[in-house]
Structure formats: structure tokens, C-alpha cells
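In the two complexes below, subunit A is the common chain; its partner is subunit B in one and subunit C in the other.
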Partner chain A sequence: MTDAISTLGGGRPVSIHTDDAAKARLKTRYAAEMRFKWLGAGAVALAGFFLVLLLSTVVTQAWPALRMNYLMLPLDLSAAKVDPAKLDGFDFQGVINDALAAEFPDVTSRQDRRLLRGLISTGAGTFLRKDIAEDPGMLGTTVDYAVPLDDFADLYLKGLLADVGTDEAIATTVTPSGTTGDIELTFGDDAMLALARGHGATEGENGALTLTSGAASLLVALNGGTVKLTALAPGDGGTVVAKGLVIEALDSNAPAATGQAALRVIDTPESSRKISDKEIVWLDRLQSEGLTESRFNSIFFFTGASREPELAGVWGAVVGSFLTMIVTLAIAFPIGVSAAIYLEEFAPKNRLTTIIEVNINNLAAVPSIVFGLLGLAVFLNFFGLPRSAPVVGGMVLALMTLPIIIIASRASLRAVPPSIREAALGIGASKVQTVFHHVLPLAMPGIMTGTILGMAHALGETAPLLMIGMVAFIVDIPGGFTDPATILPVQIFMWADFPEPGFQQKTSAAILILLAFLVIMNAIAVILRKRFERRW
Partner chain B sequence: MVGYLVLLLLALAAAAWWLGRSRAVASVNGEVARLHSLPGQHGMFLALFTAGPALLAVIIWAMATPGIESSIIANRFAAELSGMGVPQVEAFIRDARAIAFGGVVGFTDATKEAAAAAYRSIHATSLWIIWIVALALAAAGFFWAYGRIAPAYRARHVVERILRAFLILCSVVAILTTIGIVLSLIFESLRFFQQVPFYKFLFGTHWSPQSAFTGAGTEAGAVNEDIFGAVPLFAGTLLITFIAMLVAAPIGLMAAIYLSDYASKSVRAVAKPVLEILAGIPTVVYGFFAALTVAPFFRGMGESLGLDVASESALAAGVVMGIMIIPFVSSLSDDVINAVPQSLRDGSAGLGATKSETIRKVVLPAALPGIVSAMLLAVSRAIGETMIVVMAAGLAANLTANPLEAVTTVTVQIVTLLVGDQEFDSAKTLAAFALGLVLFCITLALNIVALRVVQKYREQYD
Partner chain C sequence: MKKLFLTASAAALALAASAGYAAARDQIQIVGSSTVFPFTTAVAEKLGQGGQLKTPVVESTGTGGGMKLFCAGVGENTADFTNASRAIKDSELETCKANGVTPVEIKVGFDGIVLANSKAGTVVDVTKEQIFKALAKNVAVDGQVVPNPYVNWSDVDASLPATKIEVLGPPPTSGTRDAFVELVMDEACQEEVKAANEKGCGEIREDGAYVEAGENDNLIVQKLEANADAFGIFGFSFLDQNADKLQGSKVEGVEPTFENIASGDYGVSRSLFVYAKKEHVGVIPGMEEFIAEYTSEAAWGPDGYLADKGLIPLPDAERATVAENAKALKGMGS
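Up next, the complex of A and B:
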């Protein structure tokens, strides 16, 4: 006994549970406790962080795609230009190109005019044709028409293609040597040299600098025009002489006073962006004249797929998904609920039912791509059903969701208390009547919830549908169950593969639409559960 | 056209229900109590016998005719098709069908037009046949059943027996699906193994089926057996799965422990939906995230550390797949941890153990079989996952254990071998089915083992 309790000075007993070593032990144990707790909290926080990261990536990418820039051009549709009798095969794109060229009378060379035409979407003529067909009153007049811009122009105006840079006044005088073509600009001091050096200019002899396409673009705006600097060299008396290419003609070659000229630096080198300095200057002018307009991107929401990012829409994929889901629901719901009813209410405990049960549980864990292989081998090759059709996609997804619906429905049927069944049987109902008149209605909310969740799962499924050819490029909106179609997740998969930057935003926006559908379906499931669920 | 027939049959069924009901009521002069079965059951009996056999005939017709029609066409045009191989004949018939009934046509020529015309006439004939057969069956069923309706007739028993048969049929669909999967995978795989011996497939280390017919010194049409070695795919799958589990297992398990034993109610109210949303996000979205955000991030980080990270590194795909599996692991582990009886925790706390000591020394050992089973299921899920790896992992089959390099997986190869290909007879496309068979067997085995582990080692506390 004296081992455990010893008396130290003061006579107070100290046990091994309260001595210093014990206190230290306790401290480490409590520290371990805290560590463990924070580890757990950290795991949860990490999962939350991943979710936020994923969603914020998608949302920030998708946001710009919800709006699109249009160019308001006065189109001359007078009879002299557009013959109302010959609208078929008429070159509407040409009318738009002429109107754009009229805005830029200086742009005369073939190459530049082609560049200018490239600012406008290649599908603009088709839209104009459609609008004229709907409203022939447009003909014979000059109308202000909103022309969709090309995807690169659109992305530039959204500020996503290059650092836009800002105009800064030049704190010295600038004297141009001419108004068009290759000219020389003389700067009053040598601040430009250091600036060009800081933006990637290549050093030459005698302190001369060359601005190649790998360096930032230095654009000087003066006398109502724009000059792009190509080379700089120190001049006499502390001045700098710069060679430049006039992008927009100057009004005069009068010297610009201090603060009159402005310099704009575009940091992304011309060679590593998809839009040239000329296009940037033109777009800026159109924007400053108020001719561009950012509108809700109706093309994205209401048209089919396209190879041109600015013309690509999700409507075809949404309709395809809808048709596929109808087939899935029409097959999986009745079969799933019937199977659940049989297994839960009627099945005797024998070998067959055990096999079925084990089977269903295993099917729920089979990788989805294997269902795609099944669809390919059985539905397409054996039964010869059409490729890429919603009916086949729906059947494959139905087989995949079947186990989910069966398991959910069984759980829901099991939750109905036996007293309901006994009461029904007691007043003379047959077994079938008991189930269909009393048990099934009570289990229905749970079954519906399980079905909606299963459908949400099917809506996001991609892999099996790749196998049965729903990955084809389809422009038309599918009109029936056997038309070739694609579905929303597959559309996302295809767009994610396209190299154009415009498609990245469209992919994210399509993801946003898919997630919106999933949120709606889950919300309905939650409401059903909250509203109708009964605890017995 | 068949749609109208089905609608007509449904309308007939409705009419028959009403007729049967009225006849039953009339047969007892309105004293319904004298009937053995309810009038509605008589109606249902008549409706089932009117429309049932006819609808069944329509379904069988719809499944059988495409094959029969194709074989008739193939016979009739045997002379023109004699020089072609099986894929060309299939393409020919597909095009003829597309010309006849609308669809995407490869190219047309006179023979195909003739075949399409023959197709149209055969189809018209078969439509006539099914209309006549269906209507005859409906009439026969109606008159046979109509004559049976009498006060003592046990219509309810018949109807309920048919209903029960239908319910059984529906539950058998699940078995049929499994049989369909197994048979289709095995048949196509056997065709593949006729061309490539299975030991070369399972143990070969060189995989490049895309170059199957472009030479390597073999004559045209011959299959190079040595390019179907699937070991690099298995290794790549294992590598990515391993990385995924490195992410998902600790995070998922710790999250489950925290949520079940530490978290307050309000924390749980936020954290549970977060995990559920994470579980509900489609895999294609994870794939996009992996390819566009995570892979460039790892690449940039590797560059700044002086490491050479492939843009389609196994690391990126594995980490994102791990994120996808976190909710799966945590919800399964949560169930298991919650199933450990409270008395064990109370006992441990009574002995003076802290909460973490209780969890580590009491709860986790008790829940171990369940946790192992959860991890096995998660592994099976990761092996079968497709979209993330298709979008973020590589295509080249490198045999490497370096997570910074690009590897490919079984599912990626199945997709690349089959997407966009229209012929299903080359060794290249059949290889996809062999891979599918391997995938199916492995996931099935993992699921069975997971189930066994729980059954065998679970401790009974009650």
C-alpha cells in the first residue's frame, strides 16, 4: 500500500494518478485527443473545400457564357441590294460584311478586309435570313440589326482573351511623320525606352530596341488614330525615335502636345493570343462608338450543337436528355416497382428469390460502362436497334437505374407497418387487393423519392451512352425517340475536348445547366420526403 | 404504324373492361353480391384476354422483325454481297435500312437503292401480317373470355394469377440483365480469344491495339497477337485507384468519425448535405474539373519544383477520383461506426479513456470488418469509374509506377476502342469486351469479398 501512496513534505498524499508524470501523461493524452478531433474536422473541411473549389471553378468559368456580345450594324436591305424575289440562296452574310466595311472605310487591303470580316460570326447570315423570313417587313429599309460576333471577338470584349490594358497619357510631346502606313514617331523624352525594355523588347545595337510579336504590344493613340510601335532608338537631344505601323489613320501629322497622346500596353504578346492588335483596335473603336451590345446569350440556350463556339447551343442536348429520361422512366419505374412489390410482398423464401436479391445488389455495383457494353452487344448488335437513339440510351439507363429503384422501393414498402396489411386481410381483401389498395399508396412517396434520385443519377451518367454512339456530332434538335441525339453530359464531354477557348466557357455553362436540373430533381425528392413521409 | 396498332389495342382493352363489367353485372341482374368476383375484376379479366396476347405478339414482332428482314435482304442480294466480309454486309444492310426508313446514310448506289426498295416492301408486308395477327388474337381472346363471364366464374383468381406472373417477370428482369451482361461479355471475349490467346492478353506487357492493322510487318488482316498485352492497363488502373484511395480513405474515414462522434448537430446539418452534393455531382463534371483545373495545377507545381509532370498525369486523375469517392467511403463508414453499440463507448469512457482513445481502441476495432468492406467497395467503384480517367488520364499504355507520368486504365481503353467505331468484328473492338469482362469479374469479386468480410468477421453484440 505504501508504494501507491507516499507522503512528501507537507504530508499530503500523492498518488501515481496525480504526480507530475501522470500530469504529463494526461497532457499528452489530451493533446492527442485535440489532434484527433482537429484531424476529423479537417477532413470534413477538406471535403467542403473541394466542393467549393469545384463549384466556384465551374461557376466563374460559366458566368461569361451566359451573355454574348452583338454588333449593332445598320443593314441596307433596300430592294437595290436584296431582291425580295430571290431570297433563296441569297448571300446575307455579304450584306452584313458590307455594312461592317462601311464602318471602316480605311480598311482596304484584301487581307485586312478578311480579318475584319472575321470579327463577325460565320452564322450571322443564317440568323438574318431566319429573321427576314419571320418578318418580311424588314426588307426594303435600313434596319439596325444585332449581328453575333465571332467567339474570339466576343471573348476579347469580355476581357478573357488578353490583358486589355488601359490608356495612359504620355507625359511628353509626340510628333508623327505621316498619317498612314509605316511612320516614325518622335518622343520628347526617353522614358519610352525603359518602358519598352520592361515589356520584353529585344535589344539591338546602339541602344535600339525591337518589339517583336513575342513582346507586349505598345499602341500609341494620337490625333484620332492608332499607331503600333515596332522599333525604338535613341534620337538627338534625349529624344526617342520610334518606328510604327499605323493601324488607324491619323487625322494629321501635327505634333501632339504633352498629355495629348495616350499609350496603351497589352501585356499578352501578340503571338500568344488569338486576336491581333488590329482586331483589338477595331473592336475598341466599335465599342467606344457604342455599337457593341452585351445581351443574354439566347443562342446558347435555344440552338443545337455547332463547331463554331459562338453558335453552339445546348438545346439539342437538353431535348435528347429529356427524351432519354422519358424512356428510362417508362421502363424502369413500372418494372422496378413491380419487382420490389413481388420481392417484398409475395415472394416465398426460396432459392430463386435469394438469387434475385443477391443479383440486384450485385447489379447496383456493376460499373456503368459495363451496361454500355451490354447495350452495344445486345440492343445494337443483336436486336439491330438504331445507334445514337434516345430509345436505346433510355433502355440502357433503365437497366442501370433498375436496381436503385428496386432497393429504394423495397425499403419504402418495408416501412409500411404490418398492421395495415393485417387489417386489410382481416376485412376480407385478397393479398393483391391488400397490396395495391393499401400498402402501395402508403409506400408511394418513398418510392417516388427513390425513383427521382435514381433518375437524377441516370441524368448525370455518361459512360454507357458513349458506348451506344450517343457521342455523335448532331446539329439537329432530335424530334423523336429514334432520331440520333446526344445528351447533356455527353455534350459536356465533347465540348471539354474542343480546343477553342470559347468552348471552355460553354462547357462550364452546360455543366451549370446540368447541375441546375439535378438540384431541381433533388429538391423535389426532398420536398416529397418532407411532405409525405410518415413515421409509424 | 405499330404505334397506332398499340393505341388501338389499348382502346380495345378499355372497351373490353367496360363490356366485361357490364356483362358481369347484367348476368346477376344487378345483384352484385351474387358474383364470385367483383364486376371490375371481370372487366379486367376480359381486358387482359383481349389485349394481352395481341400486345405480346406485337412485342415479339418488334424484337424479331429487324433480324428477319435483314436476313431476307441478305439472302435476296446474296449475289451482290458474296464478295464482301461480314462488316461490309452489315454496313450495306444498315445503309439500305437508313435509305428506306430515314437515317444517316454512308453513301448510296443502285444496289443499295434496290435493297432499300425491297426493304420497304418487306416491311409493309410484315406490318400487314402483324396487324392481322394482332387483331385476330384480340378477337379470339375477347370471344373466349366473354363466353366465360358468369356469376360463379372466378375471374379474380385468374386476374391475380396473371398479375403475380407479371410481377415475377419484372423481378426476373434483374436476372436477365445479369445473364445478358455475362453472356454478351463472354461471347465477344471468346471471339477475341480465338484471335489472341488469353495468356498473351492477360500477361503481355505491350498494348497498342490502335496499330493493330497498320503493319508491324504483318500481312493485311492478320492480327498481331503481341500488341494486346493488358498488363500496362491493369497497372495503370491500380496506380490511379491507389492514389484515389490514398485521398479518399483517410479523409472519408476521418470525416465519418468526426460526424458520428464529435460533430455538433449544427455542424452535421451542414456537413452531411455537403457530402451528399459531392456524391451527386456527375462524374463528367469531375472529369472536366480534373482536366482543366487540377492537372494544370499539378503540372505548374511540378514545374516550380523542377519535376517533369505529364499534363495527363496519373496524380491528377487519381486525386480527383479520390475526391469523388470521399462521400462514398464516409457514408459507408458512417453506417458501420454508428452500428457499434453505445454500450461499448460508455464502457470505455467509464474506464477513463478519452474520446479519441475510445474510437481508436474500441470503436474502430469493432467496426473493422465493416470498414474493410467499405474500402473494398470504394476500390471497386474506383476501378470501374470511367469519365474522370477518360478526360484526365492518358491514352498511351505506359508500364510505370510513377504517379507523375501519364498512364491509361481499363475503362479508358474500352471507351477509346469503341467510340466512333462502327464495325464490331475486328480484334481491336472485341478487345474492349475482353477488358469489360475483366472489369466485371474484378468488381464482382471485390463486392463478394466485401460481403464475405462483413458476414464472416462481424461481431454480434446483441
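Up next, the complex of A and C:
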């Protein structure tokens, strides 16, 4: 140490780390600093990576849910079909089914009709009834109406259901033996045999092959129709004779020239997908005729919950969240801020207030489910308030948010310099005037920030609401504080639990909406702080 | 600022006060099993779509929790229906009666419990005994009851694949777990284990071979997709809806299909119930309509919308009897 000083005293600008040991020590110190910097940067990068990963997964999952496929059908609403005097309990779904059946006059068997009806959402009739109630002018005319498709049909058109392949021209002639029912197709060469073998066909005698529902589906499109191959066998002179089931009637049984017929291979066997070959053919036909239309998914944003993925919306949960938050704010904000003002400005500093202070800090750390149990025991069982109501949910969440608001408010009251209070008291203001005219307005931005963050925290809670019946399937959109309601996080939780694959996209889309709410609330908190914060 | 506080506090008080005397309930409240939940919600929605009645509120509280709420008493603050993935217990029926509640039992259908794995894995054919050996906490080896020593499926039986035993299944709070224990573990229980500890049959190993995957069956489906060697235990409706990703294992040589469960050939299936509160009929609007909707052919029939959701319908004759008893509001124990 003395060496270093004497060197400095020499007046020459030399390094104070002269000997090798000192240099080595310096090196390790620099190395430690670099290590820490890199570790810190690495931690931030890792966190950022996971955030991006999470957000991109949610966004890519949610993206398809923002649009939905509709079927444009001409609906006959003339007086002969729909009697304007008897609209209550009228079977509007039937009108839509008839219009769809008119598009497919070939589909006649009961089972196929049922399959065809399944392409359309079971809630389509309800929408039609609502639209007619709003616009009775639709009655008595034929209108082009957008009918929501069933979730599986919708997912198929979005390309999310299964790998369904594309049409490829067949490089030989194909001769059909008929136009409907079970027919035979004669292929000019034997390329089809190898192809079928490669796609899971079962071997039979003499080189014959059968295609069961456990194998890939081979669909041949020719002469304006579609045939599904069920069995193949080698024919005379290098040809292949295939048995097939006509899904869509052929225009004629004329031979199709080379390149005129097309083959489509669907690798996923029919038995293991949720959409059959027939439905695929029908949907493709509707799509090629321009009858399907992809639209903004207004159902998702403006309706309540549903068991059918295509009919499920978040609006009920958004309204429920809003009502709950109003109650929470109306209770937690005035009580929390009053408590903070009293404790900070008026209460004597004694043992009792210390105990209260410690307990408020402890309350902020109590698991939220405990507040739910409290709500069940006190609000429901003792006061007899209704189950599943936003008013009870709001009160429970208010209890949970109170400590957060009190702590934040006290901190920002304490941050107001004593000189403000002394000056106010000095010119003769009373204690109450000092607090409410001078201290509180200056502390307000901090209090607001704390409150908004507390509310954002409450918005994301589900656990306390489990006990008071707000984790429930509620279809009707709540109209008041005592109507049964659910909230956004609960809706997400329930959708994640439903078996239908269509709910997966809806879950992600609802997560995005909840995230948007949280980001907006946090942004408001930041803006308030930046705008009104005073520094001394 | 002070005024704002006063008005806000007054508003809060008024709110709390107005909630005190809620208007007479005009909406059905349903609680109970999470297994029956997907079916009851579908019926509830259909009832609401009719436009005449409000859509019932359906909560998923588990069978036991539902029974507790349902049997708590008569009045607007108690539930009107409860879903159950097993029949009501005698003790629960007694509680109900003590509180003046007469339950009307409606058996709505069957549910199969399946052991399934990813399509990337192999289909296995297991017996209940093999499942017991693979999953029980204690098994008998050479007449001695020891902690489960089996690591691979092939250790249990040479016919099974030589992959690690890894089964994702429901936690003890779940009704599916109760039914699984009752239908598989208790039934195939080894004599030695039963003799050592009467309750030992239902104990499932805790050494990591059985993973409690929570109540969220979708999560199990996702995990099975990622791991071809793992198996999952869940309700048939999840297998039905995810047929493109999963395959059900044969149990005692029977494949878990809609037809096999309906006919009773598949051994691991249970009955599902809905209980109605007789005292609320005529008080809460829509009770009778809800029962009628649930027991209509369009709902629970073989071609009904509940079958699309994965509910296995009762045989025709039984449906007719159950529907008749339900319509007549034939109470239990009366």
C-alpha cells in the first residue's frame, strides 16, 4: 500500500499496479466484473427469449381464432315456409338445413343428410332467429345469409385438422363403369397398385388390395364427381380395376383422358380424423363454388360462453370481469386510501399501530385461495349473498387488494416531504386541511399507480373465485351485479379443459385479450406516474 | 377529493346492501362432477337457446363437493341439480333427507375410462391384473407384499413392450380416479395385498411411474403426444375427440370404442347421474323443462348431441324407464 502511494508521489503518470501480483489481482477483478456483466446480460436474454417464445406460441395459436368460416346460403323465408305470426319456437335450424340440402340434391340417405347437417353449427338457427327479431324485413323474402360452420368444418377450411393432401393429375386414362353408387374404375396402367400399397392397403389374393378405414383415403376426381377407392386388383393387359364408392355423382361414364382425372391422397386414415372423406369432398365443393367465406370472428368477441367451440365467445367473461372490477375498486380504493391516510398521518405511533402495520404487510402475502374461503364462509354462508355473483367476487377481490393499496398509498404519502406539511400547518391550516389539501394531491399519482397495479393483480385471479361459484359455465351475459357471471381467467381455464380441439385456439385468443387488458392497465399506471409525479 | 371518497363509499355500501335481498332466483343452478360437466353444460345451453328460459349456471365442483352443496338444504341459496359420476352414497342420502331434500335420480349414461397412448406408440392389450401390477403401490411377489418393483411393462408381463412404466392420470380428488380404483385396482387386487391392508388395493405407486397430471385432461393429451412411451388415464370423451392423436389400449382384449362401452363389453365403464331436487320443482322456473330436455332422445339418444360429446347412451329400454321415472319426479327413499 505504501509503495503505491510513494510511486504516485513521484509525479510520474505510471500505473499504480506495478508488481506482477497486483496485476494478476487486477486481472481477476476485471474478469469478475466481465463475468457478472455477461451473466446479467445472459439472464436478461434468457428471460427475453422465454417471453418471446411464450408470446409467439400464444399469438400463433390464437391467430386462426380471429377469423371464422361462414357458409353463404340463400334462405327461403317466404310466408309459405316461415309464418310471421308463429315465430316463437319455430325451427329456424330446419330452414337452414333445407337450404343446405338444396345445394346437394344427390345426398338423399338419412345418414348422409345427418352428416351434411353436421357441417353447420347447431347454433345457426339461434342466430337467424335473433337477426329476424332485429330486422323483420327479412321475412317474406329470400336472403343470402351467412351461416356459421361447425367447428370441425371450420378447422378443416383453416387447414388445421389433418394433412388432407392436394389434387394431382393421374398420368393415365380412367374409365368409370357408372355415375353413382358402387362403381368400377379402370386405370390405363398399374401405377395405382404401387401407390395404394405405399399408403397402407391390405394385401389380398392374386395381388388384390383393399383399402380399409384404417388406411389412407384415395379420392379420384373425374367427370365432375368424386370416387373413393375401396379395393384394387390387376386387370387385363397391365390395367388396374378399382372398386370405388361415388361420393359425388359423375356427370357421365365417359373415359377420362390422361391428365383429366385427379387423385388426392389423404394420409391420415379416415378412422383417426374427426372429418370424413364425404365431408371433405362436400366442403371442397362448397369452397370451389365460392359459398364459403372467411370473416372476422364477431361471435368470439361479442357472445357469451358455449359448449360448441364455434359459438363460444368472451363477451360474457369480459362483462363479468368489468362488473367485478367495479365492485373491487369501489370498495378497496376508498377504504384502502382512508386507512393509509389514518395510519400515516393521524394514528399515534404505539404498539397497537405497529401490530396493525405488521399484519397489513402479512395480509399482502396471504395466498389468494384463503380469501376465497373467507368469502364463502362470510359472504355466502353468513350474509346469504347469491352464488356466482360479481358483487361477491368483487368483495373477495377487494379484501385481497386492500393490503396492496394500503402499502402503496402509505409509501407515497411518506414520500411527500415534511416541509409541505410544516408550511401548511405554519400558515394555520388544520391537520385535516393539511392532509386533504396539500399532502394527498401530491401523493395521488403514487396511490393511483399502486391501485391500478393492485387491480391488475386482482383481474388475473381465479383461485379466490373458485369457492364462491364464479368458476362456472355461464352462457347468459350478466346484466347486473347480482347476475351469475364469470371472469376472463376463469373462461380461459375452462376452455383449456374442454376436449374439443376448436377450443385450443379460443383459449389462446382469450389469453391475448386478458394480456391486452393487463398491458393497458399497466400502461395507464405508467402514464399517470410520468405525468403527475413530482420530484423534490 | 373528500367528496369523491364519500360518494364512492356510499356507492359501495349501497351495492353491498342491495345484494342482501337478492330477487327470487329465476335461473337454475347446477353443481357437481367434472366428468358430467361437459354433458350437462350442453343440455343447459340447449335449454337457453330455446329463448324462453335463462341458461342454467353449471359449476364443476366434483361429485363429493356437489353432493355437499346439493344436500345442504332447500331454498334459493342451494343448488337445484347435482352431477355425479357415481351413485349417491347412503351417508349423502341421509344428509339430504335430514335437510329436507328429496333427490330424484336420473341415470344419464355411461362413461368409459381408457388407458391410451400416442399413435406413435404401439397398441397394447392389457388385463386389469397387469394394470394393477404396474400401478399399485404394493404388490405381491412370491407371496410377499413388497413395494412395487416393476420398472418396465415387460417386467409385469413378457407380452408387454419393454418400455418404462409411465402413466399420467388423475389425482386422488378426481371422480375418474375413484372410478378407476374401483373398477380396476379393487377388482384385480391381489389376495396378499388385500390381506395385508384392506385399503391397500386402492393405493397407487408414488415412485414416479404414475404421474398425477391434474384435473386437466387436455394437458395429459399434450404430454402423451410428446412422449410416445407414456400412457394416460382419462374419460372416453377425450379419446373420442382426439382420435387423430391417441389410441386406446385394449383392456381384457376389448377395444374402448363407443359400441363396446355401450354394450358393456368394455370392462372399465361407470354410470353417470344427475340428481334433481324435488322440492325446487315449481319454485325455480325451468326445472321440469331441464329434466325433459336431458331425457329427450335428441339429447341422450344414440344419435343425440350428447353422444357427439362422448356420452355413451343407456340401452333403449333403460332410457325409457329412467325418463318415465324422472318425469314423474320419483324421489329417492320416499
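Here, the second predicted complex is superposed on the first by the 493 of 536 C-alpha atoms of A that agree within 3 Å, B and C clash if a C-alpha of one lies under 4 Å from a C-alpha of the other, contacts with A are read in each partner's own complex, and residues count from 1 in each chain.
Note that a residue touches a chain if its C-beta (ideal position, glycine included) is under 8 Å from a C-beta of that chain, and two chains touch if they have at least 3 such contacts.
These numbers were taken from a predicted model, which means no experiment stands behind them.
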Task: Combined model on subunit A where subunit B meets subunit C, clash or fit - done: clash
Open item on the list: For A:127 in the superposed arrangement: first (subunit B), second (subunit C), both or neither?
Closed with: neither
TODO: Please indicate which partner A:484 is in contact with in the superposed arrangement: first for subunit B, second for subunit C, both, or neither.
DONE: both
TODO: Would you sort A:377 into first (subunit B), second (subunit C), both or neither based on which partner it touches?
DONE: first
- [ ] Check whether subunit B or subunit C contacts more residues of subunit A in the superposed model.
- [x] B
Open item on the list: Touch test for A:471: subunit B only (first), subunit C only (second), both, or neither?
Closed with: both
TODO: In the overlay, answer first, second, both or neither for which of subunit B and subunit C A:57 touches.
DONE: first
Task: Which of subunit B and subunit C A:152 touches, first, second, both or neither - done: neither
- [ ] Could you tell me if A:338 is touching subunit B, subunit C, both of them or neither one (first, second, both, neither)?
- [x] both
TODO: Scan A:395 for contacts with subunit B and subunit C and give back first, second, both or neither.
DONE: second
Task: First, second, both or neither for A:272, with subunit B first and subunit C second - done: second
Open item on the list: When the complexes are fitted on the C-alpha atoms of A, one of 145-153, 253-261, 415-423 or 433-441 in subunit B overlaps subunit C. Which is it?
Closed with: 415-423
TODO: Take the contacts of subunit A with subunit B and those with subunit C, and give the residues found in both.
DONE: 334-335, 338, 383-387, 471, 484, 496-497, 504
TODO: Using the touch definition up top, name the residues of subunit C that touch subunit A in the complex.
DONE: 1-2, 5, 8-9, 11-12, 15-16, 18-20, 22-23, 25, 27, 29, 37-38, 41-42, 44-45, 48-52, 54-55, 57-60, 77, 119, 215-218, 237-238, 240-244, 303, 305, 309-310
Task: subunit A - residues contacting subunit B, complex - done: 29-30, 32-33, 35-37, 39-44, 46-48, 50-51, 53-54, 57-58, 334-336, 338-339, 341-343, 346-347, 353, 355-356, 359-363, 365-371, 373-374, 376-378, 381-387, 399, 402-403, 406, 430-432, 456-457, 459-463, 466-467, 471, 484, 489-490, 492-493, 496-497, 504, 507-508, 511, 514-515, 518, 522
Task: Complex contact set, residues of subunit A against subunit C - done: 88-89, 114, 122-123, 126, 129, 161-162, 268, 271-274, 306-308, 327, 330-331, 333-335, 337-338, 380, 383-389, 391-392, 395, 436, 440-441, 444, 469, 471-476, 481-482, 484, 496-501, 504
Task: Complex contact set, residues of subunit B against subunit A - done: 63, 66-67, 70, 103-104, 156, 160, 163-164, 166-168, 170-175, 177-178, 180-181, 184-185, 187-188, 250-255, 257-259, 262-263, 267, 271, 274-275, 277-278, 280-289, 291-293, 323, 326-327, 330, 354-357, 359-360, 377, 380-381, 383-387, 390-391, 411, 414-415, 418-420, 422, 424, 432-433, 436, 439-440, 443-444, 447-448
